[in-house]
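Please read through the structure below; I'll follow up with questions.
Going in written order, the chains are labelled A, B and C, and every chain counts its residues from 1.
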Amino acid sequence: MRITPYVAYAKKNFLGRSAYRVDHFLGILSTCLQFFIFYEIYRALYGDAETIDGITMSMVTTNFIISMGLGMVFRPNDFFLPGKIWDGSISTELLRPISFKGRMIAENVGDSAFNLIFKFIPVFLIAFFTTGIHSPAGIFNVALFIISAVLGYGVLWSISFAVQMTAFWLINIWSIVTIKNVFINVLSGSMIPLWFMPEWIGGVLKYTPFSSIYFTPVQIYLGQLGTAEIVYKCFIQIVWIVMIYLIGDFLWNKGQKKLIVQGG
Amino acid sequence: MNDTLHLMTVYSKTTARAWFQYRVDAVLRSLAVFARESTGIIVIYFTLLKFNSLNGWNIYELLFLYSLIFLTYGIMIIFFTGLRDFGNMVREGSFDRFVLRPRGILFQIIFVNSDWFAAIGHGGLGITLFLISAGKVGVHWNIYNALYYLFAVIGGVLIQGAVFLFIATLNIYLIETGSIKELLYWNVRKFAGYPISIFNKGVQFLMIYIMPYAFVNYFPAQFLLRKEDMSQYPEIYLYLTPIVGVGMYLLAYAFWLYSLKYYKSSGN
Amino acid sequence: MSFIEVNNLSKAYRISKRKSGIPGMVANLIAPKYERKEAVRDISFSIEKGEMVGFVGPNGAGKSTTIKMLSGILYPDSGSIKVGEFVPYKQRKKYVGNIGVVFGQKSQLQWDLPVEDSFELLKAIYSIPDDVYRKNVDRFTEMLDMSGFINQPVRQLSLGQRMRADIASSLLHSPEIVFFDEPTIGVDVVGKEAIRKFIRELNREDKVTMIFTTHDMQDIEKTCNRLVVINDGTLIYDGELNGIRSLNGEARLLDVFFSEDTAVAPIKNVQIIDIDNRHRQFVFDGQKVMINDLMSELLKKYNVKDINIAEPDIESIIRKIYNREKVLA
């Protein structure tokens, strides 16, 4: 497999993003505003309390900044394939001598790299110096955090990938994508820390991929997990990536057949 | 007049038909909007399970506060879907099409599309929340209250409509307004379900004077609930919602007319 | 008094000099700074009812600005436009009911819906009476051979089919004037021919006034009898299509094929157009350059396989005019 065209796609997206500078700064401002408002809400909720259920305010803050920050970096384009099916360009796209799936990944990686450097890092620094967020538990945790964050990205990406495949049959999948995002927003811990979820939901969550997107990296960053647990949770992340990707790939093959039979 | 009504019916028929080309999506659409907008509610609900109250507001009072946002948005979007999507029209150049047709330009933008799914999703959520909370927040409903509520809803619809019209108009000057809208509108909206008194002064200023969401739900809800934290704000704010709504809408409309002239002489 | 009267029309754009960053954006909103660009300078012409006129000119020459003013989208800075009894930019609503505009690159059809649904919507927008609507739909369906796809969603149509439907949609209200902006762009050769044939027929039968802007000179050569060339905001030619040949002296063209890859050295008074490494065209004024001299020079210097003498097509003449204008300016 030649790697050059994929690097070119990633680069194209990376550079393309930097064209809208004003938009970009407003995006950072927007995330900061969101973060500060969450911060205010939890300050009001905590009041004078030091910890609630053993969770300190700074742990909550850290959870928000990491999950919102990563959320900003990940952001897969849920309408990449549906858009191409809707406007009919998919049939020509599939004739190109490169893997379409590879290209989906490449374009996303380009976007994400841009977001990581120009969005996550500034927002993280602003939050770090203005609110009391935790420093990472140790250098070892930083390394493992990065690994599990990349795996979390994999989980999120493969969910998006599998959901996009339904566009082969439904063409317009705005509703399905929206509902998917509701699940991710509520159950991944990016809007309410999973520590504060009722126990029964925590029980159910174990059997879903959502908590392994942001919450596993957050726990590793904070040093809440022992080595054995870290290995186990990262393994779970990999299991989810493989399982969801295989479902997506199955739909992808079926969908392409359908495309050939019906001509789009 | 008859002709205009006829055109409005044809517009809605066309839109409906276009939606139902994708049946699964159309069926799920209102549900999806309902679910997406419930995200904030679910978060508040779970949070309050843990923390009991937020600055003196219990869960029902918070739901009552939240309900006004959805109700007013649900009504507003019936009329202003076209303004929501106006940025795309300008970018794709389909705005010139409106100028080339023998109908009012704003009329076309408003009636060319009505997102009934969003209206049902938002409005339905607003009504649901109202029904859950209205009996449990200690309001004695009478004709006086009900009238106040009605005017507050109308005012809230106008405020949000004015914001949409204003941001849509900005598209005549700027190519990309998505982030401004995200920053000023959606962000603020996301948190407007909380009593503004919990926020710091800067955010409060934003929500009262810049993107005056406080007049959409906080002050009207305070009129009925009279929570303690109202003491920090002038009493008169409880009655301003309709005036703010009409005022903002007129301003936004004047800006629109001015910008239309600008467009025709600069033709960007 | 002609049907369309344009007198001393001028329009300058203000191109905003954008500053970057957020303070720059705020500054742009409050106190924008502009650079003036004169898009159209003092243009006058008149068009009679039923004429077919082609507007050509390079990108940014001012032709689309002119058309936008004619169709009422833009206000002129000075000068006047009168179309029939209307002043386009002043009586927009009344005026646009009488015109049709076809944008080759921007469809006005509903992407997700069958063609006929878009027609129905336009019927309501233009308040077209039932009988006129029925008659027009039937007639255009037949003339443009649309019966096979009129019930198909637009997104499933080929570009040529979509363009035909788009053209029909702009004519449903029986406009007196139709503006065509790149009406055949992206359409295959057969499709283009069908569209041009339809346009000619419509003009002959209904005496509809038609104004074209296009990059495809074939569109104009096969439909129009009058050509308007605009370059750098000014009108540099307005007259019969064939008249432009004489404007350029006695233009001749030599079409030469070489038997090997050949680099041709510049020749005085001759414009050399590279078709490919073995094929070149030589355009020149027959009064300045003797065709025999040129041919013998070429045969002597290079390995020539085949040679043709032709009259240059209008496209290359016009390209030559643009170039000369550029040199003069």
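In the analysis below, a contact is a pair of C-beta atoms (placed from the backbone, for glycine too) under 8 Å apart; a residue touches a chain by one contact, two chains touch by 3 or more.
These numbers were taken from a predicted model, which means no experiment stands behind them.
Q: From the C-alpha centres, identify the chain that is farthest from chain A.
A: With centres defined by C-alpha atoms, farthest from chain A sits C.
Q: Could you tell me which pair, A-B or A-C, is linked by more C-beta pairs in contact?
A: Between A-B and A-C, contacts are more numerous in A-B.
Q: Nearest whole angstrom, what separates the Cα centre of chain B from the Cα centre of chain C?
A: 44
Q: Between chain A and chain C, what's the gap in Å when you average each chain's C-alpha atoms?
A: 48
Q: Report the inter-centroid distance (CA atoms only) between chain A and chain B in whole Å.
A: So the centre of chain A lies 29 Å away from the centre of chain B.
Q: Check each residue of chain A and list the ones that touch at least two other chains.
A: Answer for chain A, listing residues that touch two or more other chains: 22, 26.
Q: Please output the residue numbers of chain B that touch at least 2 other chains, ranges allowed.
A: As it turns out, chain B has residues touching two or more other chains at 21-22.
Q: Two or more other chains touching the same residue: where does that happen in chain C?
A: 25
Q: Which positions of chain B touch chain A when the two form their complex?
A: Going by the criterion above, the answer is residues 21-22, 24-25, 28-29, 31-33, 35-36, 38-39, 42-43, 46-47, 49-51, 54-55, 176, 178-180, 182-183, 187, 190-191, 194, 198-200, 203.
Q: In the complex of these two chains, what residues of chain A are touching chain C?
A: Within the complex, chain A touches chain C at residues 21-22, 25-26, 86-88, 264.
Q: For a test of understanding, state which residues of chain C touch chain B in their complex under the given definition.
A: Chain C reaches chain B through residues 13-14, 25, 28-29, 65, 68, 71-75, 89, 92-94, 96-97, 99, 101, 103, 106, 108, 110, 112-113, 117, 120-121, 123-127, 153.
Q: Within the complex, which stretch of chain C touches chain A?
A: 20-22, 25, 155-156
Q: Note which residues of chain A are touching chain B in the complex, please.
A: Listed in rising order, the residues are 20, 22-24, 26-27, 29-30, 33-34, 36-37, 40-41, 44-45, 52-53, 170-176, 178-179, 181-182, 185-186, 191-192, 196-198, 201.
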